[in-house]
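Paired with chain B in one complex and with chain C in the other, chain A is shared by the two complexes that follow.
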Partner chain A sequence: MMNAAIRFHGVGKSFKKKSVLDNISFTVPRGEVYGILGENGAGKSTMLKMMANLCLPDQGEIEVLGQKPSWELYQKIAYLSDRAKWYSDYTVGEALQYGKSFYPDFQMERAEELVEFFKLDRKLLGKEMSKGQEARLQFLLCFSRDVELMLLDEPFSGIDLITREKMIELIIESISERELTLVITTHEIDEVEGLLNRVSFVKDTKIVVEGEVEELRLKSGSLKDLYRGVYA
Partner chain B sequence: MSTFFKLVRHEMKFPASSTSFIKKLMSLITFVVFLGLTIGIVLGLENGMGNFQYFNQTFNGIMFVAFGMGMGFINKEFQKNTASWWLTLPYSRELLYRAKFLSIMIYYLYVYLYSYLIIKASIITAITYTGKWSQFSLSDVFHNDLIFFLTSFLGAMLLGTYAICIMLFTKKFKAVSIILWIPFGLIAGFMMPNFLMEMVMPAANGESISIPIHLLIGSPILTTLLYIFGVHLLKKHTNL
Partner chain C sequence: METRVVGSYRFILDFSQPIYEQLVQQFRQMLAKGEIELGSKLPSVRDFAVQMKINPSTVVRTYQELERDGLCEKRRGQGTFITSSASQVSELRKEIAEGALGSFVRTLQILGVTREEAQKMIAEVDWK
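This part shows the complex of A and B:
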């Protein structure tokens, strides 16, 4: 596919001789919201790390925005790890300065708006934040950037309902405003079903189902039913 | 401000508590401990400055603080799960590594200067307190300090870089191999006692100071090699 944001071709990865991904091939078209679904430990996060050049494949090839993963890509992508924590000694206000200092595409005005949207106190220190507040801040830092591709690893895991709703609202707003490719890994289908254009289900190191969400819904009723069918 | 110095400033960000009452109290306790130690040395002095040189030689062990800092700076990123923010900054891994390394050395200089001032203050106080100024001049107190600083700084550069490499290496290969610690022992042996004795003792007897050429040449070469290795590890083998 010519207009692909991400292309995996025959990708394999093992950790300590245990295969976590085997012969994975798929394409994420530009401007779409792509979901990688699967149980815990299925290899979803590893796939995202590979896209973000934080983990190298043992076999196969990966292309992200038309090039091999490298640090140069960080000018065009934002990555939010499922385990990421914000620096404990930075306040919210200092976090915005951090964004402005280090990301050339960081939009300060947008960030200021999002501070209000997420109801964050600018003087709040990282170590004083609740999990929800920290998630909001990290989300804010990603979504204040004008990037082509965003990689979100389990963004809603362990987050309270209000924060989740605000996050989803922000995602919807962002994808409607500009051409943004979004890749989300999750096992919480309810949260993301309405967002996704395409989806892949990962099971036992392989992609077992892949396709457009609408087509899959027509065949199986809903993603949740399909999920049950795959993993039950 | 250039990106590099912004990165260094980010690395150097002190927690707010570091300027607290506890820090001042720790300074006072450190001074009192050094003062007690120095008074003991001064009271026991029979052979002039030779004993002070031993004291300085021991102080040079502070270079190993840079090793601890190197490990701590890298480990903190992974332990506190901030590494994904650090490693996805839109700058080359080489630049990120260089900023980390420079911040370690600046921290080291801070610790060195802080300790140096406390030690010198305690020496002067101890000599005054014991009334032994007839045996020493002020220049005796600061004798060879520049050489000690130079050797200590070169050693700290080498040990700091080596510590970063160890920490990055263990992120890929979880078990810390004994192979990693053998070079550490070799470096420690290379850095510390023998050449310092060679350098210091003639000076202590009022003769000329012999500068350890193998350290002046060997340390920057080893540091450079470890630096290249460290950047390679950061590029290729850092699984989060």
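This part shows the complex of A and C:
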């Protein structure tokens, strides 16, 4: 099915005999913003890592952009995770150069625009950044790439309001301008309530609710209501 | 409920209901009330989505719905425009008023109010 950006079929994973994901099946249509919601430790990040080929499933099958996850495929995906802090010893300007040398699809012109957009100082050093500035740099690096698929792992967690609003603005602009599939894991609903096309709620290793957000609103109310229903 | 402003438009969003339906509904109300100038240009999908903080596909769906009802039209390379037909808008106004009248009548019927009583009530109501 070419219209699927991502397909999970019966995916399971255990760490040290403890199951973290059990029989997970879902499809992310191309060009949509897909939310994986759930509390901390629900296995959301593991799902994202599997899409990025950074973690292999024990059972089941995964397809990303019509292929099995691979290192070649990973280079065509922008994956944002809070843990990858390779830029500590670089300034913003150096990080851009690094991005350009590392990713063939890196758009330097776009990156320069985004430095302005995010009001970042080019001379600012990675390890001297606030959490908000770090988030801005990570987003900038991610959204300067010309890719079809972006995987954002908890992008809004612990980030100040102004930065979060800028991030949302950049996401909406980007999906207005080109076909881009976004998968976002989060436990912060406010940010994504208006943004998501589809969503899955993960709880105790399983997907407990999955569907088109506008349809879910008709059936069960807001994502926030649903979230309370699932986790409270 | 949240109020969000796009240019001269003000929308109230309730995330427990489908967003595109609310936008269509509120556009219709604004048009019928004469709050939107005939033939005016609607914001681009991108600007609308950014300012409302919603998915652009929701905006596309809203504009499509309005277009299907003849309330706006897409012009190649120029954007989407509100209809310039005054009769289209008066048709809409009538449609909304009839809908409100229908539910008004049903409520009174349930209460056992007769047509004569209802007419008397309307005649006496403070119409400001």
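Definition applied: the second predicted complex is superposed on the first by the 228 of 232 C-alpha atoms of A that agree within 3 Å, B and C clash if a C-alpha of one lies under 4 Å from a C-alpha of the other, contacts with A are read in each partner's own complex, and residues count from 1 in each chain.
By our rule, a contact is a pair of C-beta atoms (placed from the backbone, for glycine too) under 8 Å apart; a residue touches a chain by one contact, two chains touch by 3 or more.
Computed from a predicted model, the values in this text were never measured in an experiment.
Upon superposition of the two complexes on chain A, no clash is found between chain B and chain C, which fit side by side.
When the shared chain is aligned, no partner comes close enough to touch A:E113: not chain B, not chain C. A simple residue count on chain A separates chain B from chain C, and the partner touching more is B.
Contacts of A:E169 after superposition: chain C is touched, whereas chain B is not reached. By the touch criterion defined above, A:P104 reaches chain B but does not reach chain C. By the touch criterion defined above, A:E193 lies against chain C but remains apart from chain B after alignment on the C-alpha atoms of chain A. When both complexes are overlaid on chain A, the residue A:K49 reaches chain B alone and has no touch with chain C. Legend: residue contacts after superposition of the two complexes on their common chain; A:W86 is shown touching chain B, with no touch to chain C. When both complexes are overlaid on chain A, the residue A:E61 reaches neither chain B nor chain C. The superposed model places chain B and chain C at 160 degrees from each other around the C-alpha centre of chain A, with the value given to the nearest 10. Look at A:K224: by the touch rule set out above, it reaches chain C but stays clear of chain B.
Legend: residue contacts after superposition of the two complexes on their common chain; A:D204 is shown touching neither chain B nor chain C. No C-alpha atom of chain B lies closer than 28 Å to any C-alpha atom of chain C in the overlay. Taken together, the two complexes place no residue of chain A in contact with both chain B and chain C.
If you check the complex, the residues on chain B that touch chain A are 3, 6-7, 10, 13-16, 80-82, 84-85, 87-93, 236, 238-240. Interface residues of chain C, counted against chain A in their complex, comprise 13-20, 45-46, 49-50, 52-58.
By the touch rule above, chain A contacts chain C in their complex via residues 32-33, 168-169, 172-173, 175-177, 193-197, 214-215, 217-218, 221-225. Across the complex, chain B is touched by residues 15, 49, 52, 54-56, 71-72, 74-75, 77-81, 83-90, 98, 101-104, 125 of chain A.
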